[in-house]
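We just call them A, B, C, D, E and F in the order they show up, numbering each chain from 1.
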Amino acid sequence: MRPSKRAPDAMRKVTLERAVARYAEGSCLVTFGETKVLCTASLEERGPPWLRGSGKGWITAEYSMLPRATHERTRREVNSGKPSGRTQEIQRLIGRSLRAVTNLPAIGEKQISIDCDVLQADGGTRTAAITGAWVALHECFSWMRARSIISVDPLRDHVAAVSCGIYKGTPVLDLEYVEDSAADTDANFVMTGKGGIVEVQGTAEQEPFSEEQFLELLRLARGGISELVALQKQTIA
Amino acid sequence: MRPSKRAPDAMRKVTLERAVARYAEGSCLVTFGETKVLCTASLEERGPPWLRGSGKGWITAEYSMLPRATHERTRREVNSGKPSGRTQEIQRLIGRSLRAVTNLPAIGEKQISIDCDVLQADGGTRTAAITGAWVALHECFSWMRARSIISVDPLRDHVAAVSCGIYKGTPVLDLEYVEDSAADTDANFVMTGKGGIVEVQGTAEQEPFSEEQFLELLRLARGGISELVALQKQTIA
Amino acid sequence: MRPSKRAPDAMRKVTLERAVARYAEGSCLVTFGETKVLCTASLEERGPPWLRGSGKGWITAEYSMLPRATHERTRREVNSGKPSGRTQEIQRLIGRSLRAVTNLPAIGEKQISIDCDVLQADGGTRTAAITGAWVALHECFSWMRARSIISVDPLRDHVAAVSCGIYKGTPVLDLEYVEDSAADTDANFVMTGKGGIVEVQGTAEQEPFSEEQFLELLRLARGGISELVALQKQTIA
Amino acid sequence: MRPSKRAPDAMRKVTLERAVARYAEGSCLVTFGETKVLCTASLEERGPPWLRGSGKGWITAEYSMLPRATHERTRREVNSGKPSGRTQEIQRLIGRSLRAVTNLPAIGEKQISIDCDVLQADGGTRTAAITGAWVALHECFSWMRARSIISVDPLRDHVAAVSCGIYKGTPVLDLEYVEDSAADTDANFVMTGKGGIVEVQGTAEQEPFSEEQFLELLRLARGGISELVALQKQTIA
Amino acid sequence: MRPSKRAPDAMRKVTLERAVARYAEGSCLVTFGETKVLCTASLEERGPPWLRGSGKGWITAEYSMLPRATHERTRREVNSGKPSGRTQEIQRLIGRSLRAVTNLPAIGEKQISIDCDVLQADGGTRTAAITGAWVALHECFSWMRARSIISVDPLRDHVAAVSCGIYKGTPVLDLEYVEDSAADTDANFVMTGKGGIVEVQGTAEQEPFSEEQFLELLRLARGGISELVALQKQTIA
Amino acid sequence: MRPSKRAPDAMRKVTLERAVARYAEGSCLVTFGETKVLCTASLEERGPPWLRGSGKGWITAEYSMLPRATHERTRREVNSGKPSGRTQEIQRLIGRSLRAVTNLPAIGEKQISIDCDVLQADGGTRTAAITGAWVALHECFSWMRARSIISVDPLRDHVAAVSCGIYKGTPVLDLEYVEDSAADTDANFVMTGKGGIVEVQGTAEQEPFSEEQFLELLRLARGGISELVALQKQTIA
């Protein structure tokens, strides 16, 4: 029995609210249960120097948690002078996931900066961030098309993400913090609207896992992500 | 005429919403018009080493802006390796202001960490932060009293803050971003519920100002702060 | 046809040479073709403070490349003041992989530091590092047993790693640099001697990949890793 | 009674000695009692990139204390990797104060760097620094006029600064270290030769202060600053 | 009696192996007994901006030790955010020594980066590094001549280095770690093939040394360096 | 002919003024011509942790230049986040030189911090710093003896330093900036009152130098240092 009494294949309540940031070209507040992430997409005046002459655009992402997003207060990373290894892993993952469904030349030589700031953290912050960031990015592209900065939609597909894990021997979908802390195996899946896999990460926290277990996690993720994509479609409609 | 058509002595619409962060001991979402700051108060398990044996507690504050709180995206300070001078000035001001109305020995040898994260910035973020942080701190102390961690309320008075400035020759209260950018003189006032002055900062951006002008700014601030204190009282009631 | 003319399921020539560092408690020079990594295992006099009283040991790992391990000279990370995101991802992966097959309480409250320094880089440095680091760790534990610092072998199983990818549409094993640069999908697998999965990471560089493709990569990896484990057994015999 | 037996409205002995640094375009050694600050003004070959095309110049300031300027040795800030928050506040204050009395377009697109290095610290270092920096800046402009780099004097007025505070209930002028440490309220005033206010900063260290007290501090400051301006006039004569 | 039973004027066994790094334009693995340093010379696509228009090239050097090159594991400098003072002294020394025998204009406006990475450290790492780096640099220039990037050999002479010291009262050549730790005086000499002195560094660790002692160290060094130069000649033949 | 018209073996005018810093336990303002260095010696309440239980004391040194000590303004090192390689070399040299003439166990388990801050730089700042620091250290030990913190003088001898170089083919003593910039060879010598050599550093800037030239530099240095030691004796008398 899961702490939340959810069925093994049940997501938490997920909401996607767009146009929440007054000044950003695109934005989305995503919640997976008690996890809340504010995602913004900013069209940057000037991209990195290597974009010039490349004939394509770029999408980069940054991720951060408010100090008291967590059960215990977490030290601000600015005070240790650099983003932690975990933060860097997550920002690289978000950027790769979004670029995988984007036609970069269609953006022109511009950079979109995605910011995912975790307001509250109850597990699954990186997967919520990817799911919400896609909505913010979509809104940013709409803003750009409305101003004729681009002529076609650079998005080739949806992308969304969910975590799975083996909790007390049972594969379960969308772990919240208490499950995540106790899980034997923790996996994150990023998939497209058409069901293609963009990123798979599975880690044995204690005992190694079997191929069968991993395939069951993948099956759960596929179900969760199709729900997320459906909600994305509804949100941008 | 002010851009917002407000009277010179009119505040923007201010709201204080408490208990907005699930895990923090105290929290408050404060808005001054389009400026939005999330304030949390965290009781830290362990304070700085110099607290031990001092017989009193400490309140410290940190301040940050989300990158896209602003009209143009602002670079995260973690990427330059350290908080900017402006950030440090503001965090020191918030901490001093709260400590000025707190009976530190009544906290015991504990530290309360205040976090003020600007979700949206339209001028006056530091004064909104002080005003909201007081509510978060009050809630944190209530939480501690409910658990008998402290026996008396360490707060001796309210504290709130507002900015004033000379905009196109006229002293005005509670500047929003477009006014602030164009103001000749910019001043921040921090006062207590009883009307004592905790902090005064006035800066001539262009022309030096006169004592008369400064006293007019002080008069405006007094009016604004008494409204803010009234709202704080209503919020914690 | 692969640039090296290898069959899709063929590893490069792999060598594991142990006892190569005069002062380290354990060491191994591992080569996967032209990729060369020097792995050392150091028993640290003093572990991190949180080990004390925990009743168990810890294994941590650091990874670095010599500046001219690569085709073009790479800037030393010390000159940018911090390990890059990629470096941090890899060190975390190596540490997790080794801990997954170690009985940490059997080490006592000590820390083993693994250093993986890439002398020459032709793709697959992180998987070579994991494979070689296991040998260095094994040697370190033998050294400790010979001196009665520990009484039983803390290693519960072998662990080894290999990369796979989809190169020009074909799933292939153990990518070298030119393949890796051109691959559509890049995946790293870490498995135990008994065939359990410790870590799976798959990334679509361009086109998302299908479940079938991913399973084929997993099948290739299983074959490669069983060869690596056999070589580890031979090396420590 | 003040520790120094000075009357409440008495400044310490102040000296301003100009042309003390052989290589700087302008310099001044300022002493307020035992506080000694070496101020230099350097005409920079190259200003910040944003000056180009702006049609005006810039004045920036840096502040530092020698480690043993203080009663106890203070750690060098270079060893903590960055200027402290206090240092940054002070350098920003010095720069703003000087710019407030300077006709920036008259400098041309050049930068003047002011360096204020505290050789000995007995309270009031920032106010001494501002007062001496004005003399160094004046000397630098004279140097530039003598070489026809500029044709008119960019200085529109004098600027000087002094601290005041409430010491044992009495408002006093120009606090030395022992008074400053014990003062209830600490305020710094920066004013022009014509009596305009450039900057006001007042902080309640313990008890909030009243408007009346603040006005009395302002009155004291006005007296002190008029003495400082008289001394500046005498120095540059 | 020296720990190694060597005569006072006997070098350890020295080897120079060139062309050891597959991708570098020049490389040399140098060993002085158990001290092993991998030296590479990299022709950089782009030198520092100040090279442009200077009409000459530049040689810069970096030095690092693998963490377990040493008897006890040494912390990686990247984790303290900057090269240590010792590392910087050594890299400056290597660069100066090589530049002293190079005709810099003959390189053109290019930069050669020398990397000296200590694989194993048993005393004398900086002198081994200089001696091996010369071979790597020579190989790099041959590579450049073969491709007509330069037309004449920029090397004007050999350069090599050795350490000497006063161990238990006796001047000895080429100190290994145990001697170095116990030596009263430690000196490093860098000389050319023609016997000119490029750099002399002598330090009294305990007792000051006399001119006579210093001259004896110089005599020993001269002997050792002539052996090293002979070996360099043999290596590049 | 030297720019200053000095004879090759003539020092600049040297002055040593002690007790110049009000709060330091020892201090000395040293001038070598236009080079001016303020040296202080501070008895630290708490030394580094490794001093405890060692039975001896420690002397450490820090060196810095004011930004406008130099002909052109130099950037503060705090702004690049760390001391430069040159600064670190010099601080290590000053510390070693002073420790070489000090009986460290006689200090007890305390640390003396030497600060050498260059107020004006016209060549030879490091040698002036060592010469002046000895006086500051002597004064600090007198202060400690007067308070019975130590019972015997830990100083075993004087130590002083001077630079020499080959300027337009002629060996000369005590180089000022214009000579130093143009010198072929630059050498620094640190010697004791009894004539023992503590440190020798000689560098060929262009052409290697011969043993004969080096011995001539040593002879010049010996003369200069004996003058400096005589002046130290006079200063502390």
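In the analysis below, a residue touches a chain if its C-beta (ideal position, glycine included) is under 8 Å from a C-beta of that chain, and two chains touch if they have at least 3 such contacts.
In this text, all values refer to a predicted model and were calculated from it rather than measured experimentally.
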{"item": "Contact-graph separation of chain B and chain C, given in steps at minimum", "value": "2"}
{"item": "Set of chains whose contacts include both chain F and chain A", "value": "none"}
{"item": "Magnitude of the superposing rotation for chain B and chain F (Cα, nearest 5°)", "value": "120"}
{"item": "Most distant chain from chain F, judged by the mean position of its C-alpha atoms", "value": "A"}
{"item": "Chain A-chain D separation of Cα centroids, rounded to whole Å", "value": "51"}
{"item": "Distance from the mean Cα position of chain D to that of chain C, given in whole angstrom", "value": "59"}
{"item": "Centre-of-Cα separation between chain E and chain C, whole angstrom", "value": "33"}
{"item": "Junction residues of chain E - those touching two or more other chains", "value": "81-83"}
{"item": "Ring order of chains, beginning at chain D and proceeding to chain F", "value": "D, F, E, C, A, B"}
{"item": "Residues of chain E that touch chain C when the two form their complex", "value": "21-24, 27, 34, 38, 40, 42, 44-45, 62, 64, 66-73, 76-79, 81-83, 113, 115, 117, 119-120, 122"}
{"item": "Chain B residues within the chain D interface of the complex", "value": "81-85, 88-89, 91-92, 96, 100-101, 157, 187, 191-192, 194, 196-204, 206-211, 214, 218"}
